[in-house]
Amino acid sequence: MSENKNGRKNRIPRGYLHEDSEKRIEWINNEHDFEFQNLLPNQPEDLKGIIENHVGYMQIPMAIVGPAIIEGKYAKGKFPIPICTLEGTLAASMNRGLYASSLCGGMKVKHFRQELSRAPIFIFDDLKKSEDFQAWINEHVEKIIKAAQSTTNYGKVLRIDQHIIQNYVLLDFILDTGNAAGQNMVTLATNVACEYIRQETGYDFFLDSNLASDKKASSRNMILGRGHGVIAETHITKSVMARVLNVDPDFLIKNWTYFPIVSAMAGTLGNAIHASNALTAIYLATGQDTACVAENSVGHFTIEKVDDGLTWRLTLPSLTVGTVGGGTRLNQQQQNLQLLGCDSSEYSSRKLAEIIAAAALGLEISLGSAIMSHTWTSAHMKYGRK
Amino acid sequence: MSENKNGRKNRIPRGYLHEDSEKRIEWINNEHDFEFQNLLPNQPEDLKGIIENHVGYMQIPMAIVGPAIIEGKYAKGKFPIPICTLEGTLAASMNRGLYASSLCGGMKVKHFRQELSRAPIFIFDDLKKSEDFQAWINEHVEKIIKAAQSTTNYGKVLRIDQHIIQNYVLLDFILDTGNAAGQNMVTLATNVACEYIRQETGYDFFLDSNLASDKKASSRNMILGRGHGVIAETHITKSVMARVLNVDPDFLIKNWTYFPIVSAMAGTLGNAIHASNALTAIYLATGQDTACVAENSVGHFTIEKVDDGLTWRLTLPSLTVGTVGGGTRLNQQQQNLQLLGCDSSEYSSRKLAEIIAAAALGLEISLGSAIMSHTWTSAHMKYGRK
Amino acid sequence: MSENKNGRKNRIPRGYLHEDSEKRIEWINNEHDFEFQNLLPNQPEDLKGIIENHVGYMQIPMAIVGPAIIEGKYAKGKFPIPICTLEGTLAASMNRGLYASSLCGGMKVKHFRQELSRAPIFIFDDLKKSEDFQAWINEHVEKIIKAAQSTTNYGKVLRIDQHIIQNYVLLDFILDTGNAAGQNMVTLATNVACEYIRQETGYDFFLDSNLASDKKASSRNMILGRGHGVIAETHITKSVMARVLNVDPDFLIKNWTYFPIVSAMAGTLGNAIHASNALTAIYLATGQDTACVAENSVGHFTIEKVDDGLTWRLTLPSLTVGTVGGGTRLNQQQQNLQLLGCDSSEYSSRKLAEIIAAAALGLEISLGSAIMSHTWTSAHMKYGRK
Amino acid sequence: MSENKNGRKNRIPRGYLHEDSEKRIEWINNEHDFEFQNLLPNQPEDLKGIIENHVGYMQIPMAIVGPAIIEGKYAKGKFPIPICTLEGTLAASMNRGLYASSLCGGMKVKHFRQELSRAPIFIFDDLKKSEDFQAWINEHVEKIIKAAQSTTNYGKVLRIDQHIIQNYVLLDFILDTGNAAGQNMVTLATNVACEYIRQETGYDFFLDSNLASDKKASSRNMILGRGHGVIAETHITKSVMARVLNVDPDFLIKNWTYFPIVSAMAGTLGNAIHASNALTAIYLATGQDTACVAENSVGHFTIEKVDDGLTWRLTLPSLTVGTVGGGTRLNQQQQNLQLLGCDSSEYSSRKLAEIIAAAALGLEISLGSAIMSHTWTSAHMKYGRK
């Protein structure tokens, strides 16, 4: 952690001029001992497996915020967060939340689960057959797992959960996919295992029952998790809240109570404010599949009065992120992973998940404070317009 | 519509080579009478209102698919769809669905609603006060609407709905935001109106109750809509389904029945398969706020047997897209809007919403067929890996 | 309100002996100026319209709790609450909550809506036809309302909302059903109106789309309400909480915060603790359709620190109760309605809805306190076993 | 099964006269070899553990319907179903559905799970402490289970699931409660186990986190189940459908598709039509806790075309019913359990759960057919009014 963490001298330079952008790149290089390069995009030939019908590249504006001070299981230290967005205010807001946290020692983060799932469906003529099938599955579960495991040296088949409704048997294949986001890995493993079942039993299947609810918010994934489960926590003192966030802890404690109640009425999944914003921004910068944000942005958000300040917490139960494969192998995306120290090492996807949770909590803190301090509109009028 | 719409000659060229990309740009230019340019990114100075702390641009691969043949209220004709993704298979898959549709006459699309909302909360000491407040609101509703309307020449305040729970009064401000996505517009209008209420009544408010569930999937937005509501519909014959989609209509009718049932069990909102994929891809290419996908990708998807084929339908009740302001003013994003004919004209945001719905239905058709024909895995093994 | 409301002398006598039951009936008669009779059940012939294949009567144990002190729009005064249950502890618990409230002045209750709905579905071949249909509906809405209104002198057709998804048009008929619960009233009115539409347009319909979600918990009914919407509120001081509820206000404020968060995770609708218990108990005693509890028990529950005590609030947005028709005309049920002063008068169903909300809040207060004070188990071990 | 199952001669006599009721009791006695008695209610002294503040009994009309022909794992044979309701048409409707099924061989039923849960919450100051706690739990899980198991000879502690969000650890105690509904059993077992944890670790808890969502519909209980999970299935031929249900299988297959779609839009949990009606009616007749219907009535309902008829299925994942303890020990309730053969025997609660699922499917069949054949209104006009 920087010696001067309470000072302004090592904060990210501001401004909209060309030279301001350059100063920020210098800041990255100096503060984080990095050599940020203006990389050329990949050649079309590199895009096999990533996109078909390629015609070029969209240039999505990228910013740098932070640093996030993180003490996680896998992420430890100071992290400059690269983000892409078109929403004026977002970068400034995430920066503000992370700054407030950093003034009070930063974020504690806990990765607690990594379980990607795929749930095929077997459909039966009658209940008798589905029951016989379940018995067969229970007897052959080791062989089924072996068939699934044969498709990957990299991932690990953890277990197969069974769910029974109507004349259906849903087999929920649960994998630790290592550093891969793992959607293709789990699809292939499940398919091979189900082909084995089909050959042995004669019963056909569809590979996707929608129980895994890939790329959709769902209760299943909120309750049981899919991908990485991470919790971020930070305590911010009353004085830092007053100075940086313009709100008083007691005022928030008293008033924020409406948020989960109205959320329940509106029928959102969980009570996070706008985790989708942070996830989208970091996913774009690090080569993640941004469409997964629809599924991944379900979260739980709370504040607690501790001493004279607030402890803020955010749980993201379902992050399907990775650091190998897919878009992560493109030049710029790989560079940003390197900047985060997530380009290699045994648990780099878990590290990335922890960084994302910390950054997302930073953004929640800032927006929650803006709503409570009536500065949300003015911030958007300032940063959200030409 | 092309004379040769059933032939292959005007289909998008394939391949991963540099010259294949160039052929596709030629295809765009020839087929759609366009001059697609390799534009430089905007200057940092242009990014005010779009991003703070800018350091550069991420190059997100862009593809072209289609053309989508659309007969909508606002979108009429042949549309090449620019999309950005990192998920191998997605472009090919959307292309396949749109192609199958185009062979049978294309998509019918219906824009049926444009109502962006923002729902502030007023909190009262007791029920008596909340009741008096409601009475006051009912008496002054015209003045409140006038205050909101005073903030915009562009949008139109349609009405203010009231929702009462506990000691809260939620005022749901509903605006037609014209061609703007309108999040800032509705925020400002609501804030000014609530400030008027505060001055007159002395009651304070928070600008966001979460009933509008900005950037989160919610029942409120599924039922009542937020932004644009659009329905896409296309009929595909048995023979085209066999040839292009590898599935039989009767087989789908019989088996797809499990999908809404398991979706209900998983607790997704609606029954769309992966609308988030299409939305993310087009949002990135057209300067939309991609984080909105979490909110916008809730949808209803069904198939119906008609004659010997299937009619496919997708409702997207909540699309917060626009064609002016925000990221749409950047060079490349603007060029893609021009390609879609959505850069100007009275109802270009509605036109864009219709195009998005058509493209999203194309993608649903293809994935639904892939799941049913057991080609989902093989397609991803082919297109989803290096 | 009784002069001795802080004393014990007018509380309900306790005990499981026959004479204890008699003392309680005396208490009802004395305290509430009533003549509670041990009525014979109705004759089988009276059951037409209520049950087919009648063979007898189940004797469901009934208790008396309260009195609830209520200051509502329609319910004003002291109300002894007749309830039926088989769950030991429930009567004692509701009694405790109501007693604590009564020591502090009782319940404020606000009836804020009465809108029973029935939502038929019209299904169309294509989007064009559904659009033409909507246009026709908009032109003929007055005639359609007139047709619906022609079926009842008693209820009032308030409006018809339209919801559009896929090739469906849902017409949501909204009625004020007066003192009737009104399920048959709204069904008949809707059916006649839809028959008129069918005759005029040739389009067929199904009377139930499930949007009204009759007898099921749903987001639609939580957000928009169905039947009566009522809020109950009571403030209980720190000293009464300590003495009657064994909990400290600050301890509750600090700890209850987990409840809406875990509720969101579990995927309940709303955050009430067990409104179903109170509703079932009163519905059985007053001739309501108890199966409606599945739909009606969705609620919002909060606590707020005010002065040194807590203000407790419960919103029940969807109570389909009535005081005429159905089971309310049976001897005993009618007697209990009389006991509550809900057997006649212009707004007796609204009065009943207010009493139910107050009683339900009493039960929430008691269970919430029991969970927080670790006495939940011991209470059930004491009252829930032989 | 009766020799004359296709004939009318052994059907339940109809009519609203006193002698009709008597004929029906004769029918019960003759057809089911029973001696149905007009029992006196229990003495007040018997009500300890069932109700406090007893003042008398509500007479709730009871009917008999069926017989249901059931081939389950536990329920096998012909069952007359005793039900209580105040909704005219309900008894006739359930009777109709069961009759149609019985003409085609009756119901197949499969009990597939019995897992009652209670989920206490432990709350921690920070993530570090919650992690240490989890480690401790994992090390001591056998002792914790032993502590829980020590409270009951009757039930069996199956396992303890852990769920982690924010600074909470939820321990989900899962019990097979034998023939008891088991709510008190699981509460006591969990409490004793948590007291053991508290003594050993010093960490306090609240016994209910609401994850178990006792008496509320929830996604957790729909996905993971609570209490008994049961599936009922019956095939009804085209001709029986035409004659008894007035609908054509193909017409239903074509049109029922809207039901799960609109259910998703309305935000119900699952797609059952009105399982709450059947559950409430049987719960009242058999001494169950009727408030549990709010939780138990979540279900999955589908139709499938098989041969020329339809196979109907209903899954009820969460039935908290029992055949010992609570209200089941009252005179009349016990008599009805005897009538169903559920008063004793090793798996009588599972048998009861199977009977309930069959009866509920009977009612679904009838209402689904009524909606599709436009006879719903006329049936209610005939049976639902004086």
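Per-chain residue numbering starts at 1, and chain names A, B, C and D are given in the order in which the chains are listed.
Assume a residue touches a chain if its C-beta (ideal position, glycine included) is under 8 Å from a C-beta of that chain, and two chains touch if they have at least 3 such contacts.
Just so you know, these numbers come straight off a predicted model, no measurement behind them.
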Which of A-B and A-C has more C-beta pairs touching across its chains: A-B
Whole-Å gap separating chain A and chain B, where each centre is the average of the chain's CA atoms: 22
Chain A and chain C: spacing of chain centres that average the CA atoms, whole Å: 42
Per-residue multi-chain contacts in chain D, two or more chains: 163, 165-166, 219-220, 222-223, 261, 263, 265-269, 300, 302, 304
Topology of the chain contact graph, where touching chains are joined (line, ring, star, complete, other): complete
Chain B partner contacts - residues on chain A that touch it in the complex: 12, 14, 16-18, 20-21, 24-25, 28, 36, 38, 41-45, 47-65, 82, 84-92, 95, 121, 123, 163, 165-166, 168, 170, 184, 187-188, 191, 206-222, 255, 258-259, 261-263, 265-269, 272-274, 276-277, 279-281, 284-285, 287-295, 297, 326-327, 330, 332-333, 336, 371-372, 374, 376-377, 380-381, 383-386
Interfacial residue positions of chain B with respect to chain C in the complex: 108-110, 112-113, 125-128, 130-131, 163-167, 219-220, 222-224, 229, 231, 233, 267, 300, 302, 304, 306, 311, 313, 315, 317
Of all residues in chain B, those that touch chain D in their complex: 219, 222-223, 254, 257, 260-261, 263-271, 300, 302, 304-305
